[in-house]
Each structure stands twice: as C-alpha cells, then as structure tokens.
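Please find the structures below.
Same chain, two partners: subunit A is paired with subunit B first, then with subunit C.
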Partner chain A sequence: MEASTVLQSLISGLTLGCIYAALGLGLFVVYGVTRVLNLAQGEFVMLGGMLTVSFCSMGVPLLGAIILAVIVTIISGAALYVLVIKPARNASGSTLAFLTVGFAYAIEGITLLVWGWEYHSLTNFLGSSSIHLWGATIFGQAPWVVGMTVLMVVGLYLFFGRTMVGKALRACADEPLGARSVGISVEKMALLSFVLAAGLGAVAGATITPLTMTAYNVGVPLTIKGLLAAFLGGIHRAEGVIVGGLLVGFAEALSAGLMPTGYHDAIALGLLLVVFLARPQGLLPARGEAG
Partner chain B sequence: MRKLGLILSCLALLAVGAAGCASGGGDTYRVGYLASQTGPYAALGLASTEGAQLAVKQINDAGGINGKLVELILIDDKGTATDSALGAQKLVEVEGVLTLASATATALSHSVIPVLNENKTPGLIISGTGLIMDQLGAWTFKPSSCEFDYIPLPLKYLRDDMGATTIAAMIENSGYGEGGEHYLSPIAEDMGMEVIETQHFDPAATDMTPQLANVKSSGADSMIIWGSGPAGALAIKQAREMGIMIPIATTPAQSSLRYYESFADFYEMDPAPACLDNKPTIWPQLDDSDPDKAMCQKFEEDFQAEYGRVPGIYEAIGTSFIWFIADALERADPDLGDLENARSQLRDAYEQTENLSLIIGTYTMSPDDHYGRVVPKEVLVSFKDGEKVLVRTHYD
Partner chain C sequence: MSPIVNRAKERAARLVPMPRVPRAALILLAVVAVLPLIGSAYLMSILIKVGLHAVIGMGLILLTGLAGQVSLGQGVFYGTGAYVSALLCLRFGISPWLAMPLAAAASGLLAAPIGRAILRLRGIIVAGVTLTVNLIFFYLVVSVSDLTGGATGLSQIPRFEYPKVVSYTTFIFYAVWLLAVLCLILTTNLASSRVGRALKSVNVLGHGTEDTPQVLGIDVMHFKVAAYVGAAVFAGVAGSVYAHHISVIEPHTFSVQTSVLVAIMVVLGGVTNPWGAIVGSALIVGLTELLREVAPIVLGGPTGSYELVAYGVVLVLTLLFLPSGLCSLPARIEQWRRGRRL
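Moving on to the complex of A and B:
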C-alpha cells in the first residue's frame, strides 16, 4: 500500500467528515430544542445547493446567490415547522419524524418538477485550485468545506453560549416547562431551531456543491449520513455530532482507499452497529451523564 | 331520487366499461408496454414510452399491420421490480396482450422474465447485461446490448489509438458494474491487454480520490470508468484534478451533455475521455456510407415533428422495440381468435427474425439465441470545443 493512498484517504476522510458533521449539526439543533428527528435535513442541503446554482445561472454573484438560497431555504424550514410539525406537536416523536419524511418527499417532488432530474454543479469558490502535496491532492473546494464546518461550530458555540436567544434555546432543550415558566415561548424557539437548521443546511449545500454536484435526489442519502454522524457521536451534544461525522468520513474514505472491494457504506453502517451494541446513547456521554 | 341517480350512474359506468372491452377485442394487436411513468427512473421510462408511441402512431397511420391496428397498453412500473412483475402479470392476465415489452431499466426488466415464461407470453426486455443470457427461457427476448458486444470498442481505442497495454478499472458498485467487471478482464486479455488494478465506487459517491490514488500508484497506462450515474462523471473530473492524465474510456452515462457542461474544463483536458454512446446522438458525423445514418436522421426528424425535441437513446430503444414486434407480427399474422396460439405463433416469429436492422442494432434470432444482436451499433465519442465529436465506430 502506497503512503500517498493513505494520505489521500485521510484528506478525503476529513472533507467527507466535515460534510457529515455539518449535516449532523442541523439535526442536533432541531433535536436539541424540539426532540424531533428532522429527516428532511438533507433536503435543506439539497435546496441550498440547487438554489445557489439557479441564482448563479441568473447572473447573481456567488455571495448574493448563497444569501438568496439561504433565505428561500429558511422559508421552507419555517414552513416545515408551521405547517407540519406545529399542528401535530402533541404527537409522538416517531410520528413527527415520519411527518418530516413526508415533507422531505414533497420537497424532492417539487424540486424534480422545477429543475428536472439532471445533476448540477458550481465552480470552486473564488476559482480556488487544487493543491498537490506528497503525492496526494487537496481539491480547491475542500478547504472551503472544512472552513465552513469550523465556522458553523464556532458560530453555534458563540450563539448558544453568549447570546440571550441562544441561551433561551438551550433552556427549552434542557427543561421546556421551566423555560415556559420564565416567559420563553417554546413555540417560537422551536420555530427558530428549524429556521437555524434550514440555514445551516443551505450554507452547507452551497459549499459542497462544487465538490459533490447536486440534484433533486441527493437529500435522502445526505440525511442518512447526517443521522449516522449524529447517532455515532451522540445527538445530545454538538461535540458528539462532530466526532461522529469525522469518524464516518474517515471510515468511509479509508475503506474506499485501503480495501479491495466496494460497499463502503456498509463499513460506516457496520461501525454504527458496533457502537450501538456497546453504547446505545452514542460515543460521547450526554451532559449530566457520568462519562 | 338520489338512489335512482346512483343506479343510473353505475349502469353508465358499466356501459362505458363494456364499450372499452369491446373496442379492445379481436381486431387490434394488443401490445403491453411497461415503463416508468413515475419514480426514480421516470426520465428513462417516459423517454422510451414516447419513442414507442411514435412508432405505434407511424404504423397505424400507415394502415396497421396485416390490416389490423396496433394498440399500446401502457402500465407504469413505478421504478420498482415488484411493480414491474405485477404490471407484467396484469398485462398478461387482465389485459390479455399478445406480447409485451419491459423498457425502463435492466434490473426492472429482469423481474418480468418469470412472468413471461410462466404465462407462455412472448416479450422483450431492455436488460443491458450478458449475465442474464442463460435465464431468458423460451419466451423472453433481449434485443438490447450486452457488455461483451461493446467492450471491444473502448479497448480498441485505448490500445490502437492511445497505445495502452494496461488498464485500471473504476467499477460502480451495482448490477451494471458487476456485469462490466465480469466481462472486462477476459476481453482485455483476448485483445492483448491486462486489467492490473480494479477499484470500486458507490453510485452516489462524491469523493473517489482514495480509489483514484490507487489507480495512480498502480502505474496503469489507461483507465476505464464503468458507471451509470453521476459518480462516473465526477471520477473523470477528480482524476484530472489529481493530475492523472492517462487516457480514459467510459460507459455511456458519462457522455451526457449535462455532465460535460458541469465539468467542461476537465472533459476537454488532453487526452479527452472517450465515452461509449449511440448513433442517434451523433448521426450527422457518421460516414455517408453508414446505412444507419439515414435511419437515425429520419428517426430524429420524425420524433422532432411529433414531440418538438431531439430524441436520446431511450427514445430510440422504445421505437426499436416496437419495430421489432411489428416485424414479427407481420410475418406471424397470428390468429387473434385463439390468444394462446397467437402468442405461440408470435414467439416463433420472434425466433425467425433475420437481419432486422434497427437503430440500436441488427438482429438475427433463433430458438437458441434470444439475443441475436449480430451487428452492434455503439460509437465512441469525445468532447472538443464544446461539441460532441465522433471518435470511433465498431468498424473503424
């Protein structure tokens, strides 16, 4: 086995891991506040990518296109909460999760009608080009993807830790009844969590599209990878989601590079199975749980 | 009063139903057509359906076959193997079709084989793999392509035009990839080449750099990318971005203009990848002596007149299937009073198909050969200055 293959697999794993972590963060934000598993998170990523491609092709500069894409995706996130989740908010967690699946398929169908079935791509941000390093290649867009995930983590950390709204969100997550009794509107916070998740998804979608391409049907596989990341690391903590995402990414890339046959998804799923058997709550302990 | 209305409307419905049955009776050739109208393969199924409908319209406009019109009975296979099998069953048992075609995708069409054979109904399947050849049975015909027919074309290009002797294969994890991998090595060996590295990727993979790193370190002097989805096109881009500049040959999916437009810079890097494709998309560049040129031109013009757009390969397959059926119907002239016997007569006529030249191939069938593709018609194309250009045909 060549050293360059190992290095290439590690680079690939880091990039994939950051994509999956970004997906997981969207799931974490909604689950943390509302205890709803939002299985439409991948659709937000898909929408972000497709809309950015569309706005760019209309001649909008990249940054403007991304902002517009985020706005439209946020509206769809708000729609998911207001039209689907809120009317059924007293239903069980699994019912709500299934409702998000229905919403995901609706988004997928509308996208198919509007954009057709073709794949779309974007050029690398600011035309960044590949870097060659000891026989391995770092694609021009990869640093943007890694940077995006780092920014999301830092941004969420500051938001939840330093702002009043962020603290209110955390209060809803920890103790909804107590939050309500001190005057926090749990409904508004739930809406905010869906909006935040949609925004994070849209930014991720725009950033990964130059690397991965996008089409109406990429949402579901992305959601599955995000779920893997979230459950592997532990969906109760942002750190858990990041660790989970990176683990899935590295497992996938290393198995692709170092194992003779395919079925790389089976490796990631197998990993999840092992972790679930040993630690059903995920690798990292939930807050308050003895570690 | 309301009750009377209800009874009357029920009677009216029954009358309409009876009229429907009567019109589908003994004076038309009822042909079943199974294709995705919805679901993941709808784009392919709808395309093949329009091709088939065009051929039926042309046949009926010209007075039908043996004085009888052809009636196409369309059923949506919804992109699943289960719905394909159920749809075939319905066509055979409820609709009482003479024959049927499953014309969306390889895996879907495989689920139709047992229905045809158990019900002694002749039918065509679109399957694109040779791995199914020994399971066709007495009633299934496969006038589509097999890997062993077209693999020599890209290999000839790599060997004769590019001087390559060793190949690295990037294979999609799918039934399609499995067929390619199965046939690639032995055919390469027969042609004096060797597959020295085989890597696999998932159909929805977005990063194939680890596998491509292995291709790079294998030292192979050419690469074949075998895939049916976007990952195969992405592999071309990523290979070139990694500085892997060996000649690349690919399966047809990668010749899609949409992928080319996404990755034009990488598709045009020298040497530009050569992709398998079909004559209808490139016919103006075919040599005037090529007998298929006029056929492709006529098909494109007719299709354009009917649907206002340029047809692709799935439209060509749909049309070809109907002409294959029409050719046999004309020779068999089956007695529609006895459906079982008529199906059997048509099956025999399929087996006697001789030198039938269609856009997708020329066919000579026999009781032992339900594939019978005696002249393959794939071409190899590439991209230059934004245009698709012909690289090689089977005869070059």
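Moving on to the complex of A and C:
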C-alpha cells in the first residue's frame, strides 16, 4: 500500500468528516432542544445547495446568493416547526420523526418540480484550485468545507456559551420545565432551534456543492450519514456529534482507499454499526455520566 | 352426547382456541374472488402491488403496533425473500412452491441475530439503526454480483406452477390476496392471544413499558425479537411471491426508499389495526399510480414529483388530525356524533 493512498484517504476523510459533522450539528441542535429526531436535516442541506446554484445563475454574487439561500431555507425550517411539529408537539418521538419524514418528502417533491432531475454544481469559492501534495490531491473546495465546519463549531460554542439566547436554548435542552418557570418561552426556543438547524444546513449545502454536486435527492443519504455521526458520537453533546462525524468520514474514506472495490461501502457502514452497538450511548459520555 | 364429553370439549376448545375469522376478512375474500371477472389486467397488477405491500405492512403491525418497535428496514427481509427464492430456483432448479417457504425461513433466520443485536437499544434510535442495516444490505447486494447479479439484478426467475385455468396475473392476484387475508387473520388472532398481550405489555409506543413486564417475568427481549422475526417472515414471503410474479428483480426494489414507504403506509393506515396495512398500502399505491400516470400529463412537470409531495402532505395531515391512522376514522366519527347528541 502506498503512502500517497493513505494520505489521500486521510484528506478525503477529513473533508467528508466535516460534512457529516455539520449534518450532525443540525440534528443535535434540534434534538437537544425539542427531542425531535429531524429526518429532514439533509433536505435543508440540499435546499441550501440548490438555492445557491439558482441565485448564482441569476447573476447574484456568491456571498449574496448564499445569504439569500440561507434566508429561504430558514423560512422552510420555521415552516417545519410552526406547521408540522408544533401542532403535534406532545406526540411520541416516532410520530414526530415520521412528521419530519413527511416534510422531507414534500420538500423533495417540490424541489423536483421546480428544478427537475438534473445535478447542479457550483465553481469553487474564489476560484481556488486543487493542490498536489506528496502524490495526493486536495480539491480546491475542500479547505472551504473544513473551514466552514470549524467556523460553525466556534460560532455555536460562542453562541451557546456567551449569549443569553444561547444559554436559554441550553436551559430548554437541560430542563424544559425549569426553563419555562424562569420565563423562557420554550416554544420560541424550539422555533429558534429549527431555524438554527436550517441555517446551518443551508450554509453546509452551499459550501459542499462545488465538491459533491447537488440534486433533489441528495438529502436522504446526507440525513442517514448525519444520523450515524450523531448517534455514534452521542447526540447529547456537540463534541460527540463532531467526533462521530469525523469517524464516519474517515471510515468511509479509508475503506474506499484500502478495502476491495465494491465492498468498501458495506464494510465501512458495517464497522461503524458494530462500534455503535458496542457503545450505544455514544462514544463520548453524556454530561454527568462517569467514564 | 354426555355432558362430560361436552364439558371436556369446551375445555379443549379453551386450551386450543379456534382462530377467530373476522367477518370483514370474509367479505374481503369474496370481493377478491370476483374482482378478476370485472377488473382489467392493469387493475390486477396494481392490486397485486397493494397486496404485497400490505403483507409486508402486516409484519410491521406485529412489530410496531404490538411490540412497539419502529423499523425502517423491512426492505432487507423483502429482498432476502426475493433473492433467496429466485436463487434457489435458478441455481438448484427447485420449484418456486418449495422455494417460497425456504426463502421465508431464510428471512426469519437472518432477522434473529439482527434483532438480538439491535433491539437491545431503546426508542427511536432503533429506527435509525434499521435504516443503516438496510443501507448495508443494499450495498452488499450490489457488490456480491457473482451471486446477485449486482445492480442489474436477476432475470428469468421461473413462475409458480399452477393449474392454467386463469391467467398468471389473475393467479398471482388470488395468491397475494389469499396471503394477505391469512396474515390478517393471523395478526388479529395473535393480538388477542397470550403472546399478543405480552407484546402489548412491552409496547413503549402504547401503554406498556419495558421494565415492568421484565420484573413480572416476561422476557422482553425474547418477545421483541420474536416480533421482529415474525415481521421478517411476512416480508420474506412477500419478497418470494414478488420475485416469481415479475421474474426480474433488482436491488433498488429493496432499498431504503421502499422500507420507509412501507413504514409510512402502516403509519397512515394505523399501526394498531391489521386493516391499517391494507388501507395504507392501497392509499399509497393508488396515489402513486394516479399521480405518476395522470398528473405530469395534466399539470406538466417531471414524473415522480407530485407523488413525493402527496406522500408528504398526506402523511403530515394524517398524523396531525388522525394520529392513530385512517382506520380510526369510523371510531372518531362515532365519537364526534355521540358528542354532538349529548
């Protein structure tokens, strides 16, 4: 086995891992505050990508296109909460999850109606080009993807740790009744969590489109990978979701580089499933749990 | 007859309860018997689809409605049934009639270890894991192409031998719906049996919990795995019939998309009522056919888009306004009327 293959796998793994970590963060924000497993998170990423492509093709400069895409996706996230989740918020976890599945289907169908079957792509941000390093290739967009995830992590850390709204969100996650009794509107915080998840998803979607392309049906596979990341690392903690995302990314890339062609997808997923079943509470312990 | 014999008979009947056959099931059988006389071949082929999905869905009634476990991965066992049945016939030349029970057994055997591994988990996470298992199954079927034919699948799967008094489609229609009615009777009776009560007691989606029955001496794990295996056997039989019905199978039929759609059918119809599987399957298959054939012609736009929107809207509206599924509609109307009379 050549060193360059391993290096290439590690680079791809880091990039993929960052994508899955971003997906997992969206799931984490909603699950933490509302205990809803949002199976439409991948659709936010897909919408972010598709809308950015559309606004760009209308002649809007990239940054403006991303901002517009984020706004439209946030509106869809708010719609998911207000129209679908809020009326049923006392339902069981599986009912709520199926409601988000329904929303995901609707979004997919509407996207297919508006944009058709075709795959769309974007040019690399600021025209960055591929870098060759000891026989491995770093795609021009890859540093942007990694940078986006790092920014998200830092941003969320500051938001949850330093701002009043962020602390209120955390209060709802830890103890909804207590949060309500000190005057925090749990409904508003739940809405905010969906808006935040939609925004994170849209930014991720715009950033990964030059690398992965986008189409109406890319949402479901992304959701599944995000779920895997979130559960593997532990959906109760942001750190867990990030570790889980990186693990899924590295497993996928290393398996693609080193395992027999054709079997690598099944092997990577199988290994991750075994790891998960061995430690179903997540690799990182929940806060307060010893060890 | 002497009273002693009568009493003994009564006791024996109580020990081995006779299966109760709901009257509606008999009406359904009668409708099924005459439908091929008036329906077109196209209608028959759609109703076969409805019946097959209803059989898989009936398995989910066992698993979700009775045992309270959500599965988004029935495609694994539907696919196992189809591939095992097809391969047994293609490689060893055995009769499809023999291959069908073997394929169902294979699905059940595969389900036992998977169930043991994943049903230790609690809550909605089980659904996520079954989804992942389905994805792994799909990748494996595509990869092991020497055996499964890879992405193109298997073709020239032999048909069931049958007395050729009706067309093959009509024969399959009868077979599928006879199977559906059998599953319906089985599920209905199971629900009111000792096993059914044990399953309901472990049902975390209903009024059950997992800890209390465990303390009372009910082996919770055992019953959950049994329900999972039962659901897999239903799906395996459906897969086998499907394979010998259309003669060509390919991996996409058994993908995550199918599994999620079957789960949606059952949720739409109502997970606690075996009729829910039939109602939900009829609704989704009907919507799909209608919107795939008609809507793009009338409204324009790409094929397949309207049905996705329709699945989403129907699912959300049903869960919001009839959370127990469409089968709870008559009871709901009755309740509403009684409320107005008071």
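The criterion applied here is as follows: the second predicted complex is superposed on the first by the 287 of 291 C-alpha atoms of A that agree within 3 Å, B and C clash if a C-alpha of one lies under 4 Å from a C-alpha of the other, contacts with A are read in each partner's own complex, and residues count from 1 in each chain.
One rule holds for everything that comes next: a contact is a pair of C-beta atoms (placed from the backbone, for glycine too) under 8 Å apart; a residue touches a chain by one contact, two chains touch by 3 or more.
Not measured: the values here are computed from a predicted model.
On the superposed subunit A, the two partners subunit B and subunit C do not both fit; they clash. In the superposed pair of complexes, A:W117 makes contact with subunit B and with subunit C alike.
In the superposed model, A:A215 lies in contact with subunit B only, and not with subunit C.
Residue contacts after overlaying the shared chain place A:S12 against subunit B, while subunit C stays out of touching range. Of the two partner chains, subunit B is the only one that A:S4 touches; subunit C does not reach it.
In the superposed pair of complexes, A:G257 makes contact with subunit B only, with no contact to subunit C. By the touch criterion stated above, A:L283 is placed in contact with neither subunit B nor subunit C. Contacts of A:A78 after superposition on the shared chain: neither subunit B nor subunit C is touched. In the superposition on chain A, A:V186 contacts neither subunit B nor subunit C. In the superposition on chain A, A:V60 makes contact with neither subunit B nor subunit C. The clash between subunit C and subunit B in the superposition falls on 146-154, which is one of the stretches 2-10, 110-118 or 146-154. Counting contacts by the rule stated earlier, residues 116-117, 262-263, 265 of subunit A appear in both its interface with subunit B and its interface with subunit C. On the side of subunit C, the complex with subunit A involves touching residues 70, 117-118, 120-121, 123-125, 127-129, 131-133, 135-136, 139-140, 142-143, 145, 205, 256-257, 260, 263-264, 267, 301-302, 304-316, 319-320, 323. Considering their complex, residues 37, 83-84, 87-88, 91-95, 97-99, 101-110, 112-113, 116-117, 220, 224, 227-228, 231, 262-263, 265-266, 269-270, 272-273, 276-277, 280 of subunit A touch subunit C.
Interface of subunit A with subunit B (complex): residues 2, 4-5, 8-9, 11-12, 15-16, 19, 116-121, 130, 132, 135-137, 139-140, 208, 211-213, 215, 217-218, 221, 253-254, 256-258, 260-265.
Interface residues of subunit B facing subunit A in the complex, by the touch rule stated above, are 40, 42-43, 171, 173, 198, 200-202, 204-214, 216-217, 230, 233-234, 238, 241-243, 258-259, 262-263.
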